[in-house]
Amino acid sequence: MTEHWERCIRLKEPLKTKPFLIFAGLAGLGLLLGLYREVTGLGYVTGLNDGYSWGLFKNWNVTALTALGSGGYAVAVLAWIFNEKRFHPIMRTAVLTSLVGYGTGMLALGFDVGRPWNFVWLADPRTWNHYSVLWEVAVCMTAYFMLALDVENMPPFLEKLYRSDDPAKKEKALKIFRFMQKTFPFGIALAFVLPSMHQSSLGSLMYLAGTRVHPLWQTALLPLLYLLMAYILGFACVLLVLALSSYAWDLGWDADILGRLAQVMSWMSLVWIGIRIGDLVNRGVVGMAFAFDKFSLYFLLETALVLLPALMLLSRSQREAPGSLFRLTFLTAMGGLFYRFTPTTLAFSPLGDYRYFPSVAEIFMSIGFTALAVAVFLFAVKTFAILPASQGKIAAEEAMRPFDTL
Amino acid sequence: MPSEAIQTTDPTTFRNGVDRRTFLKVVAQAAAAIGLSGTVAAKMIAAVEKGARPSVIWLHFQECTGCTESLLRTSHPGLAEVLFDLISLDYHETLMAAAGHQAEEALEVAIKKNAGKYILVVEGAVPTKENGIYMQIASKTGVDMLKHVAKSAGAVVAIGSCASWGGIPSADPNPTGASGINQILPDKVIVTLPGCPANPYILLGTLLQYVALGKLPELDELGRPKFAYGRTIHEHCPRRAHFDGGRFAEEFGDEGHRLGYCLYKLGCKGPSTHASCSVLHFCEVVDAWPIGLGHPCFGCTEQSVAFRVPMLKPAEIVRPTPPATYAPVTPPQGFVSPIATGIGGLIGGAIIGAGWMAAKKIAQKEETAPATPEKKSDNSGTSSKE
Amino acid sequence: MDVNRRDVLKALMGGSAVAAVATAGLPVAKAGKPESFAVEPDALGLMYDATKCIGCRACMPACQNANGLKPDTGGSGGLYMQPDSLNANTKNLITLYTAADGHERSFMKKQCMHCVDPACVSGCPMEALHKEPHGVVGWNPTLCIGCRYCQVACPFNVPKFEWDKVNPKIVKCELCRHIVGTSATEPACTKVCPTHAVIYGKRTDLLAEAHRRIKEKPGFYFEDRVYGETEAGGTQCLVLSHVDYTNLGLPKLGKESAPAQERRVNDFVYRGFLTPVVVYGGIVAIVRNRWKDHLKHGDKPGSGEAHEEEKRA
């Protein structure tokens, strides 16, 4: 019952379906609220305060969701570095999830910073603080989003350009493609180094907060744990997106690709758990995990959510059944997101009696940014050839395409 | 007669008769001046009308008679009302006409007549060194006199800092062993009204309340009526705003001093002095109290301060008051909207529910449907028909 | 996996070549400037002796005036100038600690501690928060992007943000650096303090004075130590009190500052930005190989045959 995904296809479905309209509507609401925030101030829209000055936008949309958007990076490592060629057909989906995932993060960041106009100074190296992890995150993330991810997402766009009737456009597409063919390795290498740097640096961000983060999470290994979790969540996101797309648009089920992804994900989860526990033991705080206060419960929950699916996914039968594969991946994603979110918010205690819960507007903005990512994804898969499909479903005129190599 | 420029004494003092209207006014004023309510004033009036004026015996020891002098300068009520209508001053060495044996006799008569009921007011510290020989009246030492009169007194009041805890005579090196009367009468409940001088209204209020209600006012652990000594000068100081605002007179006569800034830096003892001067000035003259006149409070009511701590040394703040207005070290901050938490919970639940449902549906679809390409719906396809 | 010897060698060579260029071009990147993390010999600061403070709050309006801040009406139920914590209108605050039994009390002056190695400066991506001469931690409005990382990083919870502004600022004590040396000789708070509970001077002098006071009254100050001598790598504002410093909202901090720890981790990983450059070079080399291979099979990437080969390999 498995098929082999071999090529990428464009969905024939009309753009304005009900799900798309819902997501687009939520995105519009979020952006409207964002506009309101721009003319009033953060305090009017968010529940942020001087104790919890980072909230849903940075801690959820940026720190947690960009990990989910690491699919392009994680799968590319398998496809290009470890040369697992079977993953090439899903690369376009993976890099698209990365693009929209990082896009929503960047957007949230844009609305979250108080003085965004001063970003222009990023152009002046004299103002850079090389010691700042946040500087590194800002520069690497921007560069990754603006350069690497765009290059990676170029081929479907060029393809579309090439198929237009205008010969000038065709020529242009080919020209760009030829240039890309020469420079592609440099671009893709950038797409490895930059996410490695900023996904780990997102962990270092909290390392600077020192004693304000609960000892169960605060460790010098935060960068490593965050980076590994980015891989795990990247795999999980690509898996979930492919499984849902396959269900929604009858793409079939490539058990080989999806099973392998799940397998790698479960190995990485186990490595992650191992490092996590080893670090706790090494620092002698493992007792705190069983104090059964709220921090201990957060820890046990996230560990269980990562560990149990990882163990179950070791079994071939679990990986081959689409239902359990999806369910276990979903649980892993929940646990991983929870882990990425916790040190920044739940296990973060500023000096004093501060409370934070996002305001209604803040929640809807955050949802709006996420919905925008989904809407853009839906638009893209219906406009460009992105989702994978088996050989049998590819029309003859599409079989020979100059950009298929990407 | 008082001068025309500064009229410190009410003209009624010099009248002989008092009409009822004036009388009622006087009693109400006396009650109000000491912070008692109108109902207490009514009771006082009733008590005084019945002729139950308290009998008062007033003894002088080592002192300057300043407390008496300030009592003489009250005008609301004036001295005449006090003497003739409110109290029955049966023995007072300064104010009575009698002298010598006559005076001694008057004292004995007063003690016998009102035994167990009269109020003994003591002004001045009692010398205790060398068996009290440093002060003798009619061959009796102060200690003996005090013990004799206090024996059958209904209530004992120590007026002024000298009688309360020793006052000036007890300042180092205290050659006469001057001490407050609580040292001599350890078993008696003594109402102590420290001050140099004590504010006469505090005495009047205490006396009148004793007459009207039959009991002494509520006292603190040092025997001071709480209505007058329950707060520090600092708490009601008219210059407090300057203290809070950080505007201080740096030296006498400088600009800040002339502008009426806080006198803390000049050694004002207001923050550690329990007294009511800041709300109850002396003898109805506006600002007739040290700080009102531009001089730092010197803590005359406080045993540990007055005549012991140098005049210009800044005081200790005994009670940072009122503490509630200082920010706590960790104030509660932030706002959690119940609507937002509800929405957050709903969304979390929705995501988990959706994930679960999706898994179920995917299982149904992919695990049952044969994976032949022909069976796929038309929804997926190619872009060939573009 | 078919990374061969040639790939690796090429990767290393390419990497080191790029690294050489990069390190020449970016001499300051991830290295240098170590001198800014030691205590400057002429570092200026404050010393606050809680046992001398009388809670008059003279320093608060003085600070307000000196810094052009609006009177605070936000805290304690809207009372005038009764803020309950540092905020965008309050750079300096007198708080009162009262023990549960109500007897032990101590005032505490809250303000920027001007750390020797400040987490806010280390974290600020744009050098908006920076060390001024004499170690004063200053804020530069033209560079700040309002990311509020300083608020997350500061162990003392000092920097505050104008939440209700479209053009929000980070507000914190800058030791009156805009008036000291020109129109004033010392910060506003130390100038008005009636009891000299807070004094201004060189950190070395202040430390000597603190130790003198401790020596004068052994057992009087908490643990006979001055807060800020070693905490978080040392702070330029020092605190003396007779109550436990944690009760005054001063956290227990180690001798090594969080930024120093982080630099240790980062330097270990990044090696003066050498690591990313080498890794980049290596990956370029590997991917170029893969790419050439990929272009050869241009028409059939990831075909069924390829899968079979992979499995057998």
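We call the chains A, B and C, going by the order they appear; numbering starts again at 1 in every chain.
Methods note: a contact is a pair of C-beta atoms (placed from the backbone, for glycine too) under 8 Å apart; a residue touches a chain by one contact, two chains touch by 3 or more.
Only a predicted model underlies this, so the values are computations on that prediction, with no experimental measurement involved.
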item	value
Higher-contact pair (C-beta pairs counted), A-C versus A-B	A-C
Farthest chain (mean CA position) relative to chain B	A
Whole-Å gap between the CA centroids of chain B and chain C	49
Interchain centroid distance [CA atoms averaged], chain A/chain C, Å	29
Rounded Å distance, chain A centre to chain B centre (Cα mean)	69
Contacts with 2+ other chains: residues of chain A	49-51, 351-352
Where chain C touches two or more other chains at once, by residue number	85, 249
Multi-partner residues of chain B (each touching 2 or more other chains)	329-331, 333
Complex contacts: residues of chain A adjacent to chain B	1-3, 9-13, 47, 49-52, 163, 243-244, 246-247, 249-253, 321-324, 326-327, 330, 334, 351-360, 362-363, 367, 385, 389-390, 392-398
Contact set on chain C toward chain A in their complex	1-2, 28-30, 33, 85-87, 119, 121-128, 142-149, 151-153, 155-157, 160-168, 232, 249, 251-253, 258-259, 261-263, 265-266, 269, 276, 279-280, 283-284, 286-288, 290-291, 294-295, 298-299, 301-304, 306-307, 310
Partner chain B, residues of chain C touching it in the complex	54-62, 75-76, 79, 82-85, 93-98, 105, 107-108, 192, 194-195, 247-249
List of chain B residues in touch with chain C within their complex	243-248, 264-265, 271, 314, 317, 320, 323, 325-331, 333
Interface residues, chain B side, partner chain A - complex	329-337, 339-341, 343-344, 347, 352, 355-356, 358-367, 369-371, 373, 376-386
